[in-house]
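Below: a set of structures, written as structure tokens.
Consider the two complexes below, in which chain A is the common component and chain B and chain C are the respective partners.
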Partner chain A sequence: METADVADLLEARRLRKHFGRVAAVDGLDFSLKRGRTLAVVGESGCGKTTTAKLILRLEQPSSGQVLVDGEDVHTLHGGALRRFRMRVQAVFQDPWSSLNPRKRVRSLVAEPLIVNERLGRKEVDRRVDRVLRDVGMRPEQARNFPHEFSGGQRQRIAIASALISNPALIILDEPVSALDVSIRAQIMNLFKDLQREYEVGYLLVAHDLGTTRYMADDIAVMYLGQIVEYAPSEDLFERPRHPYTQALLSATLPAHPDETKEEIVLPGEVPSPLDPPSGCRFNPRCPAKLGPICERTTPAVRDGGARGHTVACHLYPE
Partner chain B sequence: MKLSRLRRYPLLPIAVLLAILFIPALFAEWLAPHDPYQSHLRNRLQPPVFWGGTWDFVLGTDRLGRCVLSRIMHGAQYALAISAVGIFVGAAIGTLLGLVAGYARGWTDIVVMRLVDISLALPSILLALAFAAAWGPSFEAVIIVVAFVLWAYFARQIRAEVLSIRERDFVARARVAGGSHARIVLLHILPNVVNTVVVMATLQVGVVILLEAALSFLGIGVPRPTPAWGLLVADGRWLVVSAWWISFFPGVAILLAVLSVNLLGDWLRDRLDPELIEV
Partner chain C sequence: MTRPSRSTPLEETRGASASGELLLEVRDLRTHLDTKNGLVRAVDGVSFRLHSGETLGIIGESGSGKSMTVLSMLQVVPKPAARIVGGEVLYRGQNLLEKNEREMRRIRGREIAMILQDPQTSLNPVFTIGNQIVEALRLHRRDGGGKALVHRAVEALRQVRIAAPEERIRSYPHEMSGGMKQRAVGALAISCGPRIIVADEPTTSLDVTIQAQYLRLLRDLQRETGLAILFITHDFGIVAKLCRHLLVMYAGRVVEAGPVRAVFNNPAHPYTRALLGSVVRADTKAERLEAIAGQPPALWGLPSGCRFAPRCPHADDRCRKEYPPQLRVRDEASDHVASCWRLEESHGNR
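Up next, the complex of A and B:
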């Protein structure tokens, strides 16, 4: 698979993860370019968090590959693994759970440096100082414990820690959904500013489309372990193709209050991944179901009408 | 009302512990009025001072004429040493195994937890009998028995906490940062269970003092003529009607020490509760 241009920052190839009989992630393909943002969107249980863990090497895939800079993440060891740990970082959802309550901010933030690089105290302090300023905190706050901070500030600490090793990719696992609505915008702006400054790529995991619109260049919509639609952000919001995407979109607030739209309410619950529906997995809840073909045949991925827009649905011609 | 005040300001338990455990244990050589091993044959079975005795033997003497007060004070050394060393060893082993079992899960966990079940199912007195039979009663044997009885409680409790802590995102973050398993367990998880270990250890002091007393009473603990508290109680049991003070005062010492330590442990548990600290 040698190509003329440089390898993508992140690429997933036929990525699968089974837990016993449950296929949490069932054949994902996606890629992310340097300095760009890909959002993975879906309801809870769709496999988006498992996807994040597979990329971070917190879980082993059952089959398929995750490539970072063209290297298979799950075969790395030694120095290559250390480089990977420096280049790929994460910010988790809940800043109350993601900061060790027994550690001071300095050691929380410096952890990736201390583990992977031999730097003197002075140099570590300097890097911590810089990165704390970059996330909008004061360097002297490095002495404090996490419980002395609010949710937004805690998330800034987690972001600082993710940035300190100058990573190329940060996995953002619902990074604002545990925060007060009033500070979500601040944190999302911070992510965008930092992306420009550090030229870092984001893989953003989210359960609603609303927060992703502002941040993502591309969006992958997941349902029961599979990507049902994949499109550039603008195109997805303008012309959603898959009935599931349309339903998700109708559940978000309109960008402008004068915009009118009807909310599509999906019947039933997400089916159990233990026993996924045959054919198109969305067929039991689909408001646009065509008929037996949806129950019998898994829809192939097809052109969604615009550049880079693909959709897996029988409504559209192959 | 009284009890809740005791728990908020543990001054009384601390004072009692200092008075009957720590100060006598550390300074018995200077504080005790008599040599605990010396017989005063002319003053055998002297009653305590308020029961018609003399100020020379404040709490009376036993049937060999040894000063009961001095023997209790020297006995505190054994109570304290056995609690401190036995609990330290038991807590260290139990905490380490609990950390490993809870973090590694799988087969390691199963093996450790079955060992815990076995250890908890063995009666400690029987265990002590076996040790005493094998090596003869000794100070070291008592410490081994204490550690052997306690480790399983620590292992079970710490494992349960680690199972929940390991799922928290800060552990995932530490792995993403590239930390080794040893680093994650020792630097990230251990500091979050230290409180539990300290509180458990404190609460076990009472249990250990009672265990040591029981073993000594049965003659399978610290050997005679060491003035261990359990032995002192045992010494007086044939004379309990005529010379009640021989058994009574060591018994009171055991009661007060255990009660105070438990009150202190409760208070410590409330104080170190991380939820309360973080508020």
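Up next, the complex of A and C:
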């Protein structure tokens, strides 16, 4: 991976998190620039949610660092920590459980301001007003309770609450997968518009590759706690290098009944992280396995053929 | 070392098998729900046919009535809130809605089996998977004693490609991964040799590569046994991959129906078109998604006219007042229909 410069909004360095014997996240390096979107994709158990939690300080890393604006977020105190909480926000999958049902929209949306900033009531109202308009709601809806809204509207409320403190980074954890198909497009368009307007960076955690292609500038593909491929989004979709990425892309559903593509059906399931395979962790399921080297040696990160494209696989020269 | 199977897309089988025996014909099915907001016409005049060896997709968003349709078919609607108030469900000529609970118990599982979204809720956590399949066989088949039943349970697990089925019948659900549990539910469903499987979003909780395995499995099982599959989903990708025919539901009604290829090539109802247009695709990069304005409708106090009218760019006064009749869409497929007043105008290409 390239060494990122200090100006990066977000950077992970050799990030590790162990739960007992399970290495949920096992040595991640990635970076994200302001106003850009990095997607972390992978299947259950790959460590993408743990990664999001480490960035949000909901988990402490076992080793390694998460830097936001060059500062290690796990060593912050006092004013610096308060500043971090303003600058880094999150939107989660399920807008039914992420909003307190007993609070009105105004206090849900204003909460990050009230907790972290000393502002007058008028100023808070003004900011709530503005952010509700920005997410496509009417200011008078601030008086309502969450149960009065549909799933899509609730997600807009959650987004408003994440935006109000003018964050530099928002973690989007499967932000549209609980929404109806006809609503997803609205919300994804909204994320894009807001990114331009607020110049906010997104770290998107998703399993749906369509969502990822639409939203992301860069993509990190994870398998069993490690990044197996890292590339600019278009390059990854057009020229996937890692056999796992290739299988993942081939498993996406067709857009038309006449679409034919070679489907790589992987045998078996993701092995238990309690007892990960030695060498390359993907080797027991890999259709392109070379031989003993894959079972013995952890593949180093190699050049993936394009700028910013790297792959951890023995198939490619070091 | 095991290698993955590379084979032709699921595609192929769909065109190949001509329609078999007419197994199921649903006519004008109506189910009402009493809610605190008033009466909801959850299923409001749904009709379709299903032949052996065929896969029919029902696509719709939450509240479209797609699940309630199949629950009504099998008379397992949530009581007392839901009432089936009209229509016929003809299974091989017999109206299931006239059958009593005792008779229905012989239909469910043995003739028509169901696979639900969440395998966790379909399996009993305190019994082994083998026990649960044997129990189902004992209820429905009654032929053969203990050993023969265990043997058949092993065979059912083998059919759904569970490795080492002789060992696995002694496993409890918690000892299995999500994908394997969903296979076990599949084994339970096919164990009694049903003619129809109703699959209600069975892959929603599965990972992408496991979903691919599962869809392939369903296709293979269908090829081996001539099963008819009724597949409920919100995902056009699954329909494109697996189904031959398609119903599009909106607010309790079928708004468009036809062969999958015809509907994809020539979507006639503005809702179908908008829904297809708003799907994010992994195969190309979209600059901007075409979003459908507004929200899915609240099901109480629906407009008397077309239910999609409030969100439809083509709606006029008649659309808002009168529900449109079902019209034939003019294309190569004779059974492509849509309910829209403005079919000709809004559907500009012909």
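Keep this in mind: the second predicted complex is superposed on the first by the 305 of 318 C-alpha atoms of A that agree within 3 Å, B and C clash if a C-alpha of one lies under 4 Å from a C-alpha of the other, contacts with A are read in each partner's own complex, and residues count from 1 in each chain.
In this section, a residue touches a chain if its C-beta (ideal position, glycine included) is under 8 Å from a C-beta of that chain, and two chains touch if they have at least 3 such contacts.
The structure presented is a predicted model; accordingly, all values stated were derived computationally and were not measured.
Engineer: May I ask you to decide whether A:Leu290 touches chain B, chain C, both, or neither, giving the answer as first, second, both or neither?
Structural biologist: Neither partner.
Engineer: Name the contact category of A:Ala80: first (chain B only), second (chain C only), both, or neither.
Structural biologist: neither
Engineer: Which of the two partners, first being chain B and second being chain C, lies in contact with A:Pro101: first, second, both, or neither?
Structural biologist: In the superposed model, A:Pro101 contacts chain B only, not chain C.
Engineer: Tell me which partner A:Asp180 touches in the superposition: chain B (first), chain C (second), both or neither.
Structural biologist: second
Engineer: Go through the superposed model and pick first if A:Gly268 touches only chain B, second if only chain C, both, or neither.
Structural biologist: Touch status of A:Gly268: second partner only.
Engineer: Is A:Ala300 contacted by the first partner chain B, the second partner chain C, both or neither?
Structural biologist: Neither: A:Ala300 stays clear of chain B and chain C.
Engineer: Quick one: which bits of chain A touch chain B in the complex? Just the residue numbers, please.
Structural biologist: So the residues of chain A in touch with chain B come to 53, 56, 58, 81-82, 85-86, 88-90, 92-94, 97-103, 111-112, 115-116, 147, 158, 161.
Engineer: Under the stated contact criterion, what part of chain B meets chain A in this complex?
Structural biologist: By the definition above, chain B touches chain A via 168-170, 172-179, 183, 188, 191-192, 274, 277-278.
Engineer: Which of the residues in chain C come into contact with chain A in the complex?
Structural biologist: Result: residues 1-9, 11, 14, 61-62, 177-180, 207-213, 216, 234-241, 260-261, 264, 274-275, 278-283, 285-286, 288-292, 295-296 of chain C touch chain A.
Engineer: In the complex of these two chains, what residues of chain A are touching chain C?
Structural biologist: Touch residues, chain A against chain C: 43-44, 150-153, 180-186, 188-189, 192, 207-214, 233-234, 237, 247-270, 284-285, 287, 289.
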